[in-house]
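Consider the two complexes below, in which chain A is the common component and chain B and chain C are the respective partners.
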Partner chain A sequence: MFLAYFLQTGQEYFNVANLYKEVFMKVGIPKGLLYENYQPFFHTFFEELGAELIVSPDTNKDILDKGVKYCVDEACLPVKVFHGHVASIKDKCDLIVIPRIMQLRKREFICPKFCGLPEMVISSIPEMPDTTLEPIYAASNEKLFQWAKVTGKQVTNNRSRIQKAFEAAVENQANHKMGFDDRDTKLKVALSGHPYNIYDNYLNMNLIRKLKKLGVGVVTEEFIDDEIKDRETSKLYKKPFWSFARNNYAFTSHAASKGIVNGIIYISSFACGIDSVVIDLVQHNIGDFPLLVLKIDEHTGEAGLDTRIEAFVDMLERRSS
Partner chain B sequence: MKITFPHMGNVYFAAKALFDDLGVEYVIPPLTSKGSLEIGSLHSGEEICLPFKIMIGNYMQAIEQGADTVLITGSCGPCRFGEYCELQMNLLNNLGHNLDFIVIDSPGDIGVKELIRRLGKISTGSEYNRLQKFKALLNAVKVVNLIDEVEAKARYLAGFEANRGQCKKILIECKQEAIKCNSGKSMIEILNHYLDKLNQVPIDQRKEPIKIAIIGEIYTVIEPFSNLYIEDKLMDYGISTKRMLTPSWWLKNLVLSPMNMNQLDIKKKSKEYLPMMIGGHARECIGEAVLAYEEGFDGAIQIFPMGCMPEIVSKAILPKISKDKDFPIMTLVVDEMTGEAGYVTRIEAFVDLLERRKDNVLSRC
Partner chain C sequence: MYYLGVDVGSVSTDLVLLNQNKQVVEKLYLRTKGKPIAAVQEGFRMLKNKYGNSEILAAGTTGSGRQIASTLIGADAVKNEITAHAVAALDTDGDVRTIIEIGGQDSKIIVLKNGIVTDFAMNTVCAAGTGSFLDRQAERLEIPIEAFGDYALKANSYVRIAGRCAVFAESDMIHKQQLGYNEGEIIRGLCHALVRNYLNNVAKGKEIKDKIFFQGGVAANKGMKAAFEESLGIQVVIPEHYNMMGAIGAAIIAKEKVEKAGKTNFKGFDLADSVFQSKSFECEGCSNGCEVVNIQENENVIGCFGDRCGKWGSKLAM
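Take a look at the complex of A and B:
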């Protein structure tokens, strides 16, 4: 079988190192930060390249503890948790994917911690395997391909294979749908915040399940389109330069002014510089529309959180009846 | 129109020279103090960074003295600073102050035309012609370069001076005299005079002082109040300090960056540890740490405000540099709760460590 493989792929593979790389490469994918958002892209890309994927488990206590142990104190919880995910799989793989996401839309930025993520992790966690380092500019497919070209090389030397893997990855990503849209529930809230705070159920202590249990529907940012976002953010003196800020500001503004929901829950983490600004902007914009800001870190107690959610829901019920 | 602006180290000298020469009315906010910070914190969001709060304090104190227009620079790359003006405008409007903001932003975001229009707004109160306005600007740039030079020289020589405390005295006197001037030209003269004076300070050749580089977030390293006057303290211990980030550096960087000619050495030095521009001045911080080591400094102190995103990344990387190069680096995180006592203890302990290391090296050879 190996022989056939040789003949088929041609000369490049007479190099033993390459063969090893191709057949046995184990690529680790940490389930932290924007993993949920770009899961199909990364999975497809590396699978198509022929790598074996090692995906870290859902966030759990052990991962959180590891993250807190390795990461700088001052960092926010999501970044600490990301460190934990890396630490949990680092000994099992040859290459770890640390997405250095620089840009998602033109002339917008994302958090500095994303831009320096590989360096943070490499400097903080001992005995790291190789990692991906290439920056990701996802404003267009051409720019994104730059990442694929460089990163693909870490796995295979076969260029056409990289090209194909990239195309498949982009296609799968395009079909990826996220978000909640319970607009037809009687009582519902707009759930706003960074995707990892919304989708990581360990981080947010099962917030969504808690809300559903209380009979509250959840609506997330995904259901409003770009046009509405542009319209909403044009009210600002300066156009926001973080993609996150744009999404959350526009979403909450739209949800509140159109009365799509009964209230807004903004889930955030302590020491998040971006949220500190966005929450201020949101508050200023929506006036006295009900807003609950939940801030979490590794010390947040679940009981306290529950009480606050229940009190908020009670208030919404009273207002709507 | 009465213009004011937030404090940032020696910027107020240049601003005074500029507005004097333009003949526009202005208010220099009282030097940043505990009072400014208290007012600022009272009105700002709790988790917003320290520079924001202090700036609000500056505005409020300037408003009390009749200011009605605020000059502020906008974007500085992917960091909160770029969003400051929006929040600050909201905040001050909510408090019922009807302020005009002149936001100087990068031409890439607002277009060259708009930039020129906004710059023009500053000098609307001025009766002078274009040439004079241009000269005023030129003088202001000279002032900021000179005052930064005086300051840097005094801080560095402090370790070598034969008479303890002389440099500090000259520096204090220089600032007192300079701020009394009523035109850019006279201020430049004064600054040159003091620069000469510093050049004549008697030096003790046998001295081998401890040398420390001050690195970190640009506002907190430049604005002395926000770092609890660390440079003055080190000066008193007879330590030479160097700091690359200054208002004049910032200006030069701004002018050169569109041509990509800025800080070639910093880019080179930081490459191994942080090859990207990530926002704020994290890359500078890393590059300066490496540079300080190569220039034979004894250690570096990183300062940043609580929650500062880019500097948290640097903080994660610095220990690696420290280990690779056997170069001590200490981090000080400042916020409005920073207590003076604990802070001083940490600085002293660090200085002790550097002294011990130095003695060891000396006795070994």
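Take a look at the complex of A and C:
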């Protein structure tokens, strides 16, 4: 009888603890790196688990400064900025989501900085709360669920709730649409590069708005379907190792050869290893099709960027008339 | 009747006046010294006594300080340096196919075909090989920058200097000096290093075709011209107004613009006597915290720069 009593109260005790965990768990989501791409997934998953979400603000000067301060110097700007996002919310949450994204498609990988992202952040930023650590293999839902199982446990012990949250997250993610498609504009460019450089308006100094102000439409890789991408990359001597290399190579190749745009703008973070290879491949592939490579780093002076964009647009206008 | 072109660069501020046949009648080459407003004012002071305001039919600006200069003088055209340089070069000689332009802070290559720009590139994040770097080395060697080219030409051989990075190049030069090479050989080596860096970095993958124009302040350096010719095996032409090409281009573009628009916005030379003040503050409107610069002429705000959202900049209809 004693044992039964213990089991019962023990059970209750754990349930209360669980309840406490769920109601008061504050989960921080940094708005850096691939946040824009997978925002519905992470938001839905943690919301469905009953956590309160603390999302960092859009990248701003303070976040950039914090990122540069904490992050190791050799990292690229987007990784530094990610550190800044973490630092901006770390004191407000119990758990910070640091997606260790390993894989998005089968037999392809993404930048090695992502593999060690949690360790990099934890060792650089002092007084960090708990973080997610489980790697993300998103090539299939089964593999992705492995992440959800382990990570969900950091928020709740309720397995069926994790399962349901995961399903809802996957569903919401599937409806997520990104990208620009101004193919019907007279003058338009293919905007290529890693998504975090394209979609972070602070990092790229409002590039898209600047282009639109000059009357130039923007087309991004989201409008090229997988079949075309496979066909374009099959011309390479080897299957691309990185997912973003595949996307950007295939997109620029298709955009140039089919003439769906007047020129290509490739936006790249200074010292990006993947881009150093991809840009060369792209240049080699498209021949004399207009290409402008924009390198972004910490500088906030916009004159250099403006000069390049304006000159490129002048050139496209004159070429097309 | 004249057309005014102003090129506010990092190192120099250049002003030209073109006559109606687009010939240069006046040119001023001034050091910017980090004070673009003062440099433009200085130029205007020199022009003021010789020319009347109504004699200026159009005004154009270019260079990294083109926005501020435009606000100041009331420009009809504000153009980037690439287009301005290309326009000026083509006006000088319609057969130009390649423009090598090396300025104070940046270097560019412009590829032309049938009179239009078909490709261009600028240096990325490193300023090795630009005018500022040469300036600094001249200072360090205690040789006036004007004489740099002559030293290079006098040397019979040259030493190899790392040209990829300004810091490495400098330490390499110091090493070679310590080993006892003479200045000429080192300077000639430096010219070769800069040309190598330019060709491998800025001009990478670009077809360099005859006729080549070499312009921008660094074209004054005969050693650089010789090093380019040696590396490319093609003659390199330095146009007469090589250090004014940006300003000339801006004037021509302004001329074309005003011919369409009918009238000029030029404010006149009197700004030479105005008191300009620039104040900067951090905008607190949002988390971006932009550093906004506010330019005042005789205590009237004439322009704001530096805000990302346009909150300050767009308030003043220019």
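Operating definition for what follows: the second predicted complex is superposed on the first by the 304 of 321 C-alpha atoms of A that agree within 3 Å, B and C clash if a C-alpha of one lies under 4 Å from a C-alpha of the other, contacts with A are read in each partner's own complex, and residues count from 1 in each chain.
Here is the rule we go by: contacts are C-beta pairs under 8 Å (C-beta built on N, C-alpha and C of every residue); 3 or more make two chains touch, one makes a residue touch a chain.
Keep in mind that what you see is a predicted model, and the values were worked out from it rather than measured.
Novice: Is this a clash or a fit when chain B and chain C both end up on chain A?
Specialist: After superposition on chain A, which the two structures share, chain B sits beside chain C with no clash.
Novice: A:Y202 in the overlay: touching chain B, chain C, both, or neither? Say first, second, both or neither.
Specialist: second
Novice: Name the chain, either chain B or chain C, that contacts more residues of chain A.
Specialist: Touched residues of chain A are more numerous for B.
Novice: Looking at the overlay, does A:K106 come into contact with chain B only (first), chain C only (second), both, or neither?
Specialist: Neither partner.
Novice: Check whether A:K177 is in contact with chain B, with chain C, with both or with neither, and answer first, second, both or neither.
Specialist: Neither: A:K177 stays clear of chain B and chain C.
Novice: Determine, under the contact definition given at the top, whether A:F270 touches first (chain B), second (chain C), both, or neither.
Specialist: both
Novice: What angle, in steps of 10 degrees, lies at chain A between chain B and chain C when each chain is taken as its C-alpha centre?
Specialist: So the C-alpha centres give an angle of 80 degrees.
Novice: Is A:P240 touching the first partner chain B, the second partner chain C, both, or neither of them?
Specialist: first
Novice: For A:D58, using the defined touch cut-off, is the partner it touches chain B, chain C, both, or neither? Pick first, second, both or neither.
Specialist: second
Novice: Could you grab the smallest C-alpha gap between chain B and chain C in the overlay, to the nearest Å?
Specialist: Nearest C-alpha pair, chain B versus chain C: 5 Å apart.
Novice: Considering each complex separately, which residues of chain A are in contact with chain B in the first and with chain C in the second?
Specialist: 270
Novice: Where on chain A does chain C make contact in their complex?
Specialist: Going through chain A, the ones touching chain C are 57-58, 60-62, 202, 205-206, 270, 283, 288, 290, 295, 297, 300, 303-304, 306-308, 310-312, 314-315, 318-319.
Novice: Under the stated contact criterion, what part of chain B meets chain A in this complex?
Specialist: For this pair, the touching residues of chain B are 45-49, 74-75, 77-80, 82-83, 85-87, 89-90, 94, 103, 105, 109, 273-280, 282, 306-310, 312-317, 319-320, 333.
Novice: Mind pulling up the chain C residues that touch chain A in the complex?
Specialist: Its residues touching chain A are 64, 67, 79-83, 106, 116-120, 122, 124-125, 205, 286-291, 308.
Novice: With touch defined as at the start, can you tell me which chain A residues reach chain B in the complex?
Specialist: Contact set of chain A toward chain B: 71-72, 74-75, 100, 102, 107, 109-113, 115-116, 119-120, 122-124, 133, 135, 236-238, 240-242, 245, 270-277, 279-281, 284.
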